[in-house]
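What follows is a pair of complexes built around chain A, which joins chain B in one and chain C in the other.
Here is the complex of A and B:
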């Protein structure tokens, strides 16, 4: 059996912005690496830092958290909490010896299909360089 | 004043408070069968008060023990040093106890013979109903080492070395959850590790699961940590885990300026609020 050498990337995408952005990328027939597994969440504020740990624990090579730009949150303030939370989480992961390039948090709006494609491509290439 | 004199004061005051009905009982320390260890003790009458001790081994935190009695018959008396008083403030702001149910007898501390006191920043109680003796004005802290020396030792390593360092630490963890049980900030009625059906915490005994627990615990305590170091003291494997939570405090300080949890009962914590102008390393 061939060993799968492609990295797996888990992306938590907010329902109102990034998920729509990813949808738009599909509608526009944009091509992006299939390494990314999109998980839809109601808001980036829904993402418990534990989801990140669980993803890494279960073998993900990279994790992304994507949400609306600050000020654009569907629930007004959700992503402001996300921002604080993951500023801390990023440092804590780095402190625990997880390469910071394996964890990304990005703001991608519903109309930024190209940004979604570029981000996913960039992150995949970065992680491919780091190795599984 | 010597330890013996202070201990005399403590016992007399405890007996008087119980006899006068000001408190229902008092939480302090007693001797154990080990000469260099004390245990937390609930004094309920005059005879119990004679068993209270105050010496360099009176290390355990008394505050957490109040959380077991939510509807006390009268006030809970508690002997509190700097760390205990910070824990009490924390418990009040976390809605675990009510200020009017507590009678705090402040004990300005000398610094005890335990590693957790190495980075003590607050020997003297920050909240109390009475002080049993005057604080030593020479220094408000024990200040053996820099506040974040535990964190900085690990930060000095490279990424892979840090990974190996924690791999080594958590390979010895037996996941007894003593660090959680002793922590004055870990007050959830049902902890995530006990929710076996959610699968948040795997039950397998291996290093990876231990690491998930270690990081999660640090994050749950995170910005509310009062840096008392009880987690390290309680750890039967002697694991250096305070540096993990202090890393979060250190990051909060870098993002938002001076930060110390538990200094007042109404202080909001960092993750419970936000600022629209927060620094943003994302894109």
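Here is the complex of A and C:
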């Protein structure tokens, strides 16, 4: 397949902030690379580290977890847990033989369409640099 | 094969011009679970929906995937459509091929590949979707308003006017809150009592309002539409059913103790009304200072009362009431500056007072009948220093936040001094002057023209020198030290959450922010809701503000409460956490992580492994009324027993797996 040489990145996005921001990027017809596949979750706090490991194990070249800015989570405290959890993620990834630079947790609000575009672009470039 | 139908929308040319919808349909047909796939110009239109409904019938489809615009756009539309079809409306997934594909990519080939991936993910997920049912819970058509300041009064009146029963609960013997203590109110300078006491009377006369003064919330259980609240009715020692409020007892009581309402500037008897226009206009006995209650002697009020209302053996009583909605309006207290600012004399100088003390001094029904005098010697002050931001905007000693009303009431205080004391001088030490309200800048301007001198800088020291109180600080505009020999100093101190506010929030499961104020559900879009469904907030309890903002917020939260109480039943989202009891070990890890206190550990009957004996063991239980479906608990669960309906672990994993078929 043609896109086999292209990295595939899974992005878990919370429904209330980042998913909304991604939709807004679309409304504004912003352009970014095709490599990201978004999985909609209610909150970034819903993302189990197990999901991330599974994505890597299946062949993901990169994984992102994106949610509301700390303090703005729709469920008030959800993303504080996310933040704490993903600080430990690096070690978990290294332990599993995965380069932690392939994992990114980012806060993108529902109005930050440009930030969504820029983040996706930046992360895609970076992962491309790391190779398949 | 699971008989999944895939429907691909062109969205006019919005999708079809940027990717190959026919190719997506072909690819969809090749997915093993898919038994039917079609594309159409506008799936959300009437004929588009009919096309789907017909296909469901003709092809016997059991699960539906629609590749179209964002689910945030039309998921609800298509769910409604499915209700007409016999397929459960939750056996639907949307692949977002417009906002997150056709609109954002330029390479048709790659956009098409992505669309196929998105469809594949949706098909994989929908295989694990379960039929879900929205459930309905009944609503108790009654509101509880906690706190009888102007916020609580306004909210109670609005809800009652809409035809619902309201209990207005206040822990003091009278409603009125801080506004009842104020003299005049900026920027119009109308007398505070003249505008607030009629509202207090309206409350007491309203057929839909039950006033519960001297009461406190003891415990809260239940959830939106169905709260059970235990209320402690504190002993009043006076039978209010027969008392007429004649006032004889108050005159005869021999006790003199500090009046908290007058902020220690005068004394009151042990049997007392909070202030002359108190509502209810009936006295209570303060058991801490009553001689009869403390030592058995005295009993004068019982002897003098013509109606026999006094009962020294009165006791606290607990009652349980049910409510559908709760409004929090617990207001504020002023900071204890004495323990924060040693350099201001720490309370050793009686002529250094706070803003509410000044309000009582200048108030015609206050301890001096409105004459501004020095508490130490009763003399009229000629030079007054007003210090703003004491405890506010001071990270080191006080709070980081701005108390918002002080700039304006400092100007009001200056105006009142200049007006009442001919030849007086007023110096105001300030950091900034903030006047963002209607008529506020004009009021500040006028105060300066009246002669108030604004000095930009913090006061670093306040000390006594002879008859004077010296305020020393830096004028940061001129860059030099200034000393003012004052007769009276008014500290405009920070507002802080009311005493006991943290405990009350704990009972309700509401969060507080870093400074202790009640956390709103969303700072911009849900400013009068707490994150506990059915609990709303109004007034300063959410953060410092003035009366106009307080009243506006109170009416807003009343509107929210009315909206809830107008319903007979409430629809609840079925996408909530659910526990597989057989897998739950009862470890309780999910309980503290829930922001809504929706999870409790309960004992469930079971059989002992091996022996088969009947036993009880703990297991997590989710309260469907409280759970908002965030899924935080699912990640905390070690055994995978708790899962989120609609976003189950296996649904999400299916989506991941579908990317690498």
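Quick note on the criterion: the second predicted complex is superposed on the first by the 126 of 132 C-alpha atoms of A that agree within 3 Å, B and C clash if a C-alpha of one lies under 4 Å from a C-alpha of the other, contacts with A are read in each partner's own complex, and residues count from 1 in each chain.
Rule of thumb we're sticking to: a contact is a pair of C-beta atoms (placed from the backbone, for glycine too) under 8 Å apart; a residue touches a chain by one contact, two chains touch by 3 or more.
Quantities reported herein were computed from a predicted structural model and do not represent experimental measurements.
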item: Which of chain B and chain C A:22 touches, first, second, both or neither; value: second
item: Between chain B and chain C, more extensive residue contact with chain A; value: C
item: First, second, both or neither for A:54, with chain B first and chain C second; value: both
item: Partner chain(s) touched by A:99 [first = chain B, second = chain C, both, neither]; value: first
item: Touching partner for A:70 - first (chain B), second (chain C), both, neither; value: first
item: Chain B and chain C footprints on chain A, overlapping residues; value: 49-50, 54, 77, 81, 85
item: Residue numbers on chain A that touch chain B, as the complex places them; value: 49-50, 53-54, 57, 70-71, 77, 80-81, 83-99, 105-107, 119
item: Residues of chain C that touch chain A when the two form their complex; value: 70-72, 96, 98-100, 103-107, 109-111, 113-114, 117-118, 121, 511, 519, 521-523, 531, 575, 593, 595, 628-632, 634-635, 644, 647, 649, 652-653, 655-657, 659-660
item: Residue ranges of chain A in contact with chain C within the complex; value: 1-3, 6, 8, 10, 15, 19-20, 22-27, 29-32, 34, 37-43, 45-51, 54-55, 58-60, 72, 74-78, 81, 85, 117
item: Of chain B, residues touching chain A in the complex; value: 151, 154-155, 159-167, 192, 200, 202, 208-209, 211-212, 215-216, 218-219, 222-223, 244, 247-248, 251-252, 255, 270-271, 274-276, 278-283
